[in-house]
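Shared chain: subunit A. Partners: subunit B in the first complex, subunit C in the second.
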Partner chain A sequence: MNRSLSFEIFRYAAILAIVALSLVPTLWMASMAFKPIAEWSATGADLTWWPKSPTLDNFRFLFGESSSDLIVALDRTATQPILASLLAAIFGTLIAMIAGTSAAYGLSRFGSGGNLPLALIQLRIFPPMAVMIPVMIMWAFLGLIDTWYGLALVYGIVTMPFAFWLMKTFFDDMPREIEDAALVEGCSRLRVFWKITLPMMRPALASSALFVFILNWSDYLIGLLLTTRDWVTIPVYMASLSSSMTGQLYGAKAALGLIAAIPPVVLGIAIQKHLVRGLTFGALKQ
Partner chain B sequence: MTMAALDANTPVMEHEDTRDSRRLGLWLTFPAQILVLFIAVFPILMQVYISLTDWSPLDGIGWWQAHELWNSFANYSDLMADDRFWSALWRTVLVMAICVPCEFLLGLGLAILFVDDFPGRRFLYSVLLIPMMVVPAVAGYMFFMLFQSGGPVNDILSFFYGAPVTIAWLSDPDLAFFAVIVSDIWQWTPLMFLILLAGMVGVPEDQLRAATLLGASWATRFRTIVLPRMKTIIIIALAIRVIENFKVFDNFYIMTGGGPGVATETISIYIYKVTQQELIWGYVAAVALVILIALSVVSALAIKRMSREVSQ
Partner chain C sequence: MTSIHLENLGKTFGSFTALKNMNLEIADGEFVALLGPSGCGKSTTMNMISGMIEPSEGEIRFGDRDMRGVPMSRRGVGFVFQNYAIFTHMTVYENLAYGLRATGVAKAERERRVNDMAEFLHLTPLLKRPAAGLSVNILQRLAIGRSAIMEPAIFLLDEPLSNVDAAFRAVMRTELKHLQREFRQTMVYVTHDQLEAMTMADRIAVMDHGKLLQVGTPIDVYNNPSNVFVAGFLGSPGMNLIKGRSVMADGVMRVDLGEAGLSAPLGDALSRSAREGKAVVYGFRPEHCELTDGDGLRLPVNFVERIGARTILHMGRDGHSIKGVFDNRVPVRQGDIVTLAIDPSNIRLFDADTGNAIAEAH
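Our next item is the complex of A and B:
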């Protein structure tokens, strides 16, 4: 489509302006993360947009090194919360992928599953807060409160719908001829699934798993409700980064926020080809 | 693009529908069924039970003994008279009514800007997706910092105003409401953009070219060719945002804690705060159950309606 040059210039300027604006909050956090205390605690006229003397102090502080400028020391470093977020998100992804993939195959090939597909959509529509009260009671009863595996189990169930719908669309797209050929050769259905279909689906499995991992990693509310001290996740732990003596430790918060933000941003851009499919429950393929 | 999700119930494969493969199918769906039972069916039954009592975890009796505190529907009549609940519900709907259209229009505008190729398109596209990828709780912290009275937002305003501006964004009810909405729009406009652009790219080029040759203006082409073809995608994009926006908790709670007062208290924040502060879980269970039932009815109707719209 040919349009005038001035229109093209306008379009380019508009795009650049919007992109720049959308980056401001993220860049602000990144800048705060590398500022020394004098800069991140500055307000009003003393505010600096870019760290004048960049430092890694905030990161060191998070991992337990006491800072010379800051009187407070952390009673708990960020190591355990990062580990908690990682373990819960990884094992949650595993649970979601195993249950979701096999159910998706069952539905895609044999039409089994009954009303499972709709139940999974419903599950997605419910606000977690409204389902969590009995889960909290159950988890307390089963001794799963404040454990990474208790958290992983909930993550697995909550994100399984995504694993299910994503993998179902991938299975639906897969040509049946190869499976049929193997069946004719005398392979059992299960063997075909295990030895032929799954290996062929490796890229699809990888992008679905990454997508589910991002969702699990992004959780805040479930961690807030189900962990109390030992296994709090990163965002829950972040709230403790303030003290009555110093107020908000913006520098440390920004540093931890940056650590938390990097994995999903990198992974999300890596699988952007499948993002639309994942976000729309497989209803749209790009 | 294809519609896969909504026709999921139609049997996919008829041939060699032997008993063996049916049994395998059952086994394959078994883990998922168990998990759903574990998190949905059983907890909801438990919730019904507890919602009819005054049980709280501090009573010192197990939840299974909650019937000792039976209060025969008192929680539900309390709920009808609970102004804070109704105002939280109304606020949630208001947030949705502001955020979703803004995100949709911005996303649509961005998608229009991005639909034709230009140098750097792929890179800028990836950059635009970043807000959506940031952990929502972290986004909450970002905007909490941005909206401090000595923070960068006021710094920019001071620059334009010419004198120091020290607006206490998060302590004024109206401004706090505005601030949380800005954070939501910032984070989720990219999602709309992503989905709408995917739909726009699918519009066949030759139809557009033919229309151009016939002298149709850009606006006409957009209205008569592009928009009708995007109907399904627009419905899906709006539905996703409406669903997700109703649950909103993370960034709101971190930015304001639902305050000042109850100025930014949405339904999820309301339930959370009642769970933490009042500790009458019987009542909270009743609140949550009412929300779940209302949502089930609305969503069942919407899914039915949507499948009809989409299949047209």
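Our next item is the complex of A and C:
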């Protein structure tokens, strides 16, 4: 009893330590986002956990209102990068999910596609750098550099293997009898796919899409290489938030980081029911 | 309503032969059970009838319509799966209505049929409930209803009761039989449970290792198994099968059963077909033997199994395992030596080499 109690204490201490370790930087960022320049640029003893005089200056600054304390002005606001990130990540996720789900279904049900699974893994074996330069050249040729759709297309291609592999395991786990039952009752294949398979796969689709979206949303490298000015994404834009006078604009970066955290969190909460429920095809003998 | 004809049906998966040379005629409105252990080819046969898989050879006809290349959605069969295959994202009502909706049955008609079927299967109070989270018993009932509502000419059931509990199984056996009387479909029922096959089917088709061994009415197959597999598979416990050799003694044909001694003289029909000196398998059902003080097989009792209504004696030496079913007050204890008298009219002989029955002993 005692032994298991001490073990429990140790276990919770370890969990708390890990949680603190991962939460502290996040909380620090959140706090910093609301600090005026004097506070976020402070050092040593002047550092405080809570903003002494909380302000929305950092957010105002990001969206173009010049701050009284900060004598720098941005050459562009955060609006366009946020839009770029949203468009590229959303459409990239759509491309990856549509292509990945279709391929996974075909392979899982009909064994079509031959070496596709392996070929898709190969896409992930290369470090992105190895292929991004050729892609950059192709994209330049096609006029896709610095466009949100050019970026979305690459995102879709790069994250499609994840969508494919996730969905394939889910399809493999779904018993064929469910589709056969609908087929035998006179449904067409396509109707079965739309009315039976996809609705039953909703939890799987939701969790795969979230995973793919987060991958796309947090990309830096591809955005850096394929966008130059009009459609730079949040991470790329964030890297540019510095000035020769004040150095890194940590306050603005923290504010932007906080904004960037919103979509994944909101999505996560929105589909939480599905994530928690996972894949329970409750009505089947396992 | 449709008859089913299977001709020289065969299926191979790569180098594995799941089924070969299956010939079976199922009459219109007949209830046939395909019975056999797992892997005997019964589900393969069923899947070919439904069109889920195509035969490697042979022919399937419904009435005189050749089914080659006809997709399963056009065969007009109903299929109930072992694992229910319920659409868990829908309500009970939507599940029942699904096929009707897919085939474009008008709404009023749809509602009427769903309500009738729900009434028939006692699902009415559950119609608005989501299918996810219902008990397995209800799910299987729903699965049967979802297929039956389409009023298919042919109703295929693939071990529909093997996941439900024993009490519910008994209820469903009656209900399925009732359902078939009501709708008069041709029913093919796959099972490894002989009780289901015996109680429900008009005819039983016993299969093993991809081969159809015997087809007949339950009683006929039970009384006159065509080979040792069927003899041992049917009945609980199955038929006693003892290896021996036919011998002529005192002018009558008997079977030398080794340590158990000589059998009683064989009947006329069996004597005629069993040549002297032939290696045979001597078979009798556990319920066809009695304890006697006179002549008979002398066997030690290894184990006394009391199952309530009956007592099963496990007897025999070495390789022999002979079972006898007696009433529950049989005065025998483990270790006793008993003498068994076997009703001569219920003795079956099988060829020890081929396993086939030697003569039809009616």
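Things worth noting here:
We take it that the second predicted complex is superposed on the first by the 254 of 286 C-alpha atoms of A that agree within 3 Å, B and C clash if a C-alpha of one lies under 4 Å from a C-alpha of the other, contacts with A are read in each partner's own complex, and residues count from 1 in each chain.
In this text, contacts are C-beta pairs under 8 Å (C-beta built on N, C-alpha and C of every residue); 3 or more make two chains touch, one makes a residue touch a chain.
Quantities reported herein were computed from a predicted structural model and do not represent experimental measurements.
By the document's definition of touching, of the two partners only subunit C reaches A:Ala181; subunit B does not. Look at A:Ile157: by the touch rule set out above, it reaches subunit B but stays clear of subunit C. Ranked by how many residues of subunit A each touches, subunit B and subunit C are led by B. Contacts of A:Met200 after superposition: subunit C is touched, whereas subunit B is not reached. Of the two partner chains, subunit C is the only one that A:Arg191 touches; subunit B does not reach it. Of the two partner chains placed by the overlay, only subunit B lies in contact with A:Ile15; subunit C stays clear of it.
Of the two partner chains placed around the shared chain by superposition, neither subunit B nor subunit C is touched by A:Leu5.
183, 280-285 are the residues of subunit A that lie in the contact sets of both subunit B and subunit C, per the superposition on chain A. Contacts from subunit A toward subunit C in the complex involve residues 175, 177-178, 180-188, 191, 196, 199-200, 202, 280-285. Within the complex formed with subunit A, the residues of subunit C that make contact are 50-52, 71-75, 77-79, 81-89, 98-99, 102-103, 131-134, 136, 139, 143, 146-147, 150, 163.
By the touch criterion given at the top, residues 1, 8, 11-12, 14-16, 18-19, 22-26, 28-29, 32, 42-45, 47, 49, 95, 98-100, 102-103, 105-114, 116-131, 133-135, 137-138, 140-141, 154, 156-158, 160, 164-165, 168-169, 172, 176, 183, 189-190, 193, 214, 217-218, 220-221, 224-225, 234-235, 238-239, 250, 253-254, 257, 260-261, 264-265, 268-269, 272, 275-276, 279-286 of subunit A touch subunit B in their complex. Residues of subunit B that touch subunit A in their complex: 1-6, 8-9, 11-13, 16-17, 20-22, 24-29, 31-33, 35-36, 38-40, 42-44, 46-47, 50, 57, 62-63, 110, 113-114, 116, 118, 124, 126-139, 141-143, 145-146, 148-152, 154-155, 158, 164, 166, 186, 189-191, 194-195, 198-199, 201, 208, 212, 233, 236-237, 240, 243, 246-247, 249-250, 254, 267-268, 271-272, 275, 281, 284-285, 287-289, 291-292, 295-296, 299, 303.
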